[in-house]
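Sharing a structure, written as structure tokens. Questions coming.
Chain IDs A, B, C, D, E and F follow the sequence of writing; residue 1 opens each chain.
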Amino acid sequence: MKPCKRIEIVVEEALTRRLEELLEAVGAPGYTMLPRASGNGDRGVRRGDDPTGTFTNCVFIIACDDEATITAIIEGVRPLLQRSGGICLVSDAMWVRH
Amino acid sequence: MESLFLSNLTAPPLLFFFLGALAAFARSDLEIPTQIGKFLSLYLLMAIGFKGGLALSASPLDASVLRDLGVALCLAVIVPIYAFCIIKRFTPAADAAAIAATYGSISAVTFVTGTSYLDSLGVPWSGHLVAAMALMESPAIIIGIVLYQTANREDADAVGLNWRAIGREACLNGSVVLITGALIIGYVASPSAAAQITPFTADLFVGMLCLFLLDMGIVAARRLQDLRKVGGQAQQSPGILLLFAIALPLVNATITAFVAVWLGLPEGDALLLTLLGASASYIAVPAAMRLALPQANPSVYLSMSLAATFPFNLLIGIPLYHQFTLWLAAT
Amino acid sequence: MESLFLSNLTAPPLLFFFLGALAAFARSDLEIPTQIGKFLSLYLLMAIGFKGGLALSASPLDASVLRDLGVALCLAVIVPIYAFCIIKRFTPAADAAAIAATYGSISAVTFVTGTSYLDSLGVPWSGHLVAAMALMESPAIIIGIVLYQTANREDADAVGLNWRAIGREACLNGSVVLITGALIIGYVASPSAAAQITPFTADLFVGMLCLFLLDMGIVAARRLQDLRKVGGQAQQSPGILLLFAIALPLVNATITAFVAVWLGLPEGDALLLTLLGASASYIAVPAAMRLALPQANPSVYLSMSLAATFPFNLLIGIPLYHQFTLWLAAT
Amino acid sequence: MKPCKRIEIVVEEALTRRLEELLEAVGAPGYTMLPRASGNGDRGVRRGDDPTGTFTNCVFIIACDDEATITAIIEGVRPLLQRSGGICLVSDAMWVRH
Amino acid sequence: MESLFLSNLTAPPLLFFFLGALAAFARSDLEIPTQIGKFLSLYLLMAIGFKGGLALSASPLDASVLRDLGVALCLAVIVPIYAFCIIKRFTPAADAAAIAATYGSISAVTFVTGTSYLDSLGVPWSGHLVAAMALMESPAIIIGIVLYQTANREDADAVGLNWRAIGREACLNGSVVLITGALIIGYVASPSAAAQITPFTADLFVGMLCLFLLDMGIVAARRLQDLRKVGGQAQQSPGILLLFAIALPLVNATITAFVAVWLGLPEGDALLLTLLGASASYIAVPAAMRLALPQANPSVYLSMSLAATFPFNLLIGIPLYHQFTLWLAAT
Amino acid sequence: MKPCKRIEIVVEEALTRRLEELLEAVGAPGYTMLPRASGNGDRGVRRGDDPTGTFTNCVFIIACDDEATITAIIEGVRPLLQRSGGICLVSDAMWVRH
């Protein structure tokens, strides 16, 4: 086990591909994406029920143990969140190496 | 005229839309699962595309078809331009551009409901209107973004728009691809192959439309409730937005109806073209706008289109435009 | 009589139920995705509602229809009361109330399978039975909670029941709204509009029922396995619960059959009313009970209804009640 | 980035609306909801496969940096969990402000 | 011969497959929700099983049927063995075993597309081929694992294979259970019961196949793109893998065609048996291999089967094998 | 509230049953499973879109306050991750007792 950061990002589903491209660009070691989340925040309710996906969220989970990559992910996601809403949480975790 | 309205309002698809809206307003837990909603929408696009292709293959592709398609394309370019000029006096430029794009594009389900209305009256319509629909879906997206950029040069530059991506997303959004593809497949299908598929695309059509409109009723009513709740967030009063959501389709319908009658389109085609002009997108355009114009507020443009214009066109617009084009053609 | 049983057991919908149950018992990975299960269930509710509405519009609404509906409503009120009185001797009051509500309400899919059984025998049935089904779905929920409150005044007060919310959730649960809505739409639909929808609601009906019963077979078998596993958690032995899950429908069926024959209902209607009495809810009531009576254990009431009563009614109940009502009517 | 608590609540889907109302009532800054989870716990298996939603769970994620609101959420959710089962986990996280 | 190819390539199901692949290559956001994809696949399995059962019940079960089934079973055992011997020279043993199992098993959708191809040409085929398909799905899984174990005794021992679990997962995977179950239900169904279900299983068949192939086109094209991206990960060049993905079905088809003609099978049956030999599994076998042989790389065997062999068989294989069996039978 | 570990495991959906059996065997107090996740990692993209479930992930969340069980879960899951890929993260959390 080695220490890492667990980054959790909630954005609307329309931005999935953008975020995936960002993560690939900054060299994130991997990610897991949970689709079809609903939510509520500053920009009102997102019911996750409409056919456009505009009011549907998704949750990205990224484990990362490289300082520089962590910063790159956070700085890369910030303008996305500013324009389109969402949140980004960072916490400590232990990564079970296999 | 009254009978047209009444027979429209008692058509099962419309009644299922009412049922969904009522259920949502009463806070019933009636709900169509999301993936089922998408399935029904894919089905309708595939079925209308295939139907259109079959119809197109039955009548020769002549100059008048090309003329109609050209006119439809022009409408898709002009409508968002004048819509933007009007709306930007009342809303921020980004919202105005997104609304303009939304109303310049079309709603396939409104169109589909129009064809089912015509079928139930026994009025024929031509397959190339489906092609017109496919053509009219995307241009407004590009126009809307160009308009925004022209009005807000600085902000637009800051964002660094990726025009290739926007162009691709506009022209290759799922619904355009599926309608166009199914249209072509329907066009080239041999009669015997088509006969194997029509039980799926034709016989189930109205039933699937009923189920989809049930879903849309639920979604539209919920969006309307949310709109009231977060009304304060938008920089406009909900009243103004609602006004636009009814006024824009009426203006667009009037202009398109004049064009349709001037082209001498037969009764069914005139209604469908008018409906394309009057309807507003609630899938393709909002999806594209979220990516290209994230600074526009989706609660504004999506709610206007989905919660006000869509029901208005369905319930009142279809028979009204029908009546209007008939009257125009007679004078 | 044997032939009725046999022909019921070899009916494809039943066989698909068996197939699903077998697959689950053998731990096959055969699985119907959840949203598809909900879609099939929505489809069946919509289709049976629409069918019932069409049938209703074909025969005039007379006094006997109102009488039948009134009787159905009475049954929905009385059944949970006596069921509660019996069961509460063996289980905690909350569980007893939830079981009573479950068995006082109805299972739309059991009813639907009954109609398909009658159709395959060529026995006619009346559309207003669908209305009776919609009427019988909700009252048991309210009755169940009132019974619990009466028995457990203190606990109930502590919870602070929100009666308005309970009433709304009972009457506006999705299945009641959809059946009732589709019933009304079928009733008011013009013959030509109805003809456009029947390929969807009528022709696909049995096939969709097969697929849904396949899903139900899987779910019921899994629930039965889980029940055995967590048997120790419930305060009753699984044996007692199983006994009730068979005895309650038999008692309810007997009483309802007497009422049906006393009303002089024709063969098909008598079976369907009896089936409504005998069947137990596994969607609407459990959903409402989780909110209003969370202290009741869903592994008890939902498993009884879904894993025991539902298959029992499907496999043995339908031909048994048919035979019984025929015999009663003859004597 | 500023420190906050990440509250994670698992309840059955039937309670979604109740929990949403609670979060609105106590003034939670927002939430994200992941539907259609399955699970296992003291009350047995919840397969997430039945048509009733009774045996289906959902996961709420709430980022909150206000002490009083955090307490209100926890105290509000406790009776819900007592009656209907589920879990509530609270952990530390950093909230990327945008 | 050219006309067979051309009429196959312009068959709507194939065109929808092209449409999906084109959309994915162009990076359109056209997408079939996952649960809908599973629903369509369940539908096709149920429908083809039921159809096969009906056909089987129409013609008496005689010795030639048993002979055909026996031969099919032998093919399912022999094909993976020689495939393994060839492939293991080029890839690690685990990958070779998984590829052998994949190509020894069958693809139900390829079979189903073959039946729709025959139907559109008016060529009859026998229901017991569906039974042959069900029989041929699982054996290759067991053979593949045995082969790996024989080749890699040490590693296999270390893993501690649970043979009972593997056997159960092989024989009870969802698609085998559903096809077999539906086959039996179709076989025992009374003509009147069958008539109630055929609008669902027969009339919708080609339409649903179109929608499913649209989905498969998207999935196959995406997998092909991913394959290029992660090509470096596999220990073989994508070129070799692609070569195998075309060569294996050709070899298997040739052998099976000889057997089919030697058995004297009629035209339709000969094509379908050849197609079973030529097709490779992309659901049942990969699912089983992930559990039993996790050391094999799914990007290799699943991508070969899904992104290369499946489209090859659909587009070129079906008319090619048809032509070949006709030519063989004539000589 | 009492301290516990929050274990988060991402594996492909095909392994769901195996992981459930493992958790039962080592006596985990419960778990929550989120199905139909997509992801990216050393073994390439898993789009969560194919009909086989091979390229679909799922996320397990396990709250556990017993040292021995935590170790058993981690050691049990390690060979699974080695053979089939995935990740396992462990972090600190407070468990709201009800």
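Everything that follows uses one rule, which is that a residue touches a chain if its C-beta (ideal position, glycine included) is under 8 Å from a C-beta of that chain, and two chains touch if they have at least 3 such contacts.
As the structure is a prediction and not an experimental result, all values here were calculated from the model.
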Number of hops, subunit D to subunit E, where each hop joins two touching chains: 2
Set of chains whose contacts include both subunit F and subunit B: A, E
Homomeric contact subunit A-subunit D: same or different residue positions, threshold half: different
Taking each chain's C-alpha mean as its centre, the one farthest from subunit C: A
Remotest chain, subunit D as reference, centres from CA atoms: E
Rounded Å distance between subunit C and subunit D, as computed from the means of their C-alpha atoms: 33
Mean-CA-position distance for subunit D and subunit B (Å): 38
Euclidean distance of C-alpha centroids - subunit A vs subunit F, Å: 19
Residue numbers of subunit E (touch at least two other chains): 31, 34-36, 38-39, 199, 203-204, 287
Where subunit D touches two or more other chains, by residue: 34, 36, 48, 91-92
In contact (per the touch rule at the top): chain pairs: A-B, A-D, A-F, B-C, B-E, C-D, C-E, D-F, E-F
In the complex, subunit B residues that touch subunit E: 34-36, 38-39, 42-43, 46, 168-169, 172-174, 177-178, 181-182, 184-185, 188-190, 192-194, 196-197, 199-201, 203-204, 287
Subunit A residues touching subunit F - in the complex, by the definition given at the top: 1, 4, 6, 20, 23-24, 29-36, 61, 63, 91-96, 98
Residue numbers on subunit E that touch subunit F, as the complex places them: 31, 34, 37-38, 41, 218-219, 222-223, 226, 229-230, 233, 282-283, 286-287, 290-291, 294-295, 297-299, 302, 306
Residues of subunit E touching subunit B in the complex: 7, 10-12, 15-16, 19, 22-23, 26-36, 39, 116, 119-120, 199, 203-208, 210-211, 214
Residues of subunit F touching subunit E in the complex: 12, 14-15, 18, 36, 43-45, 47-56, 83-84
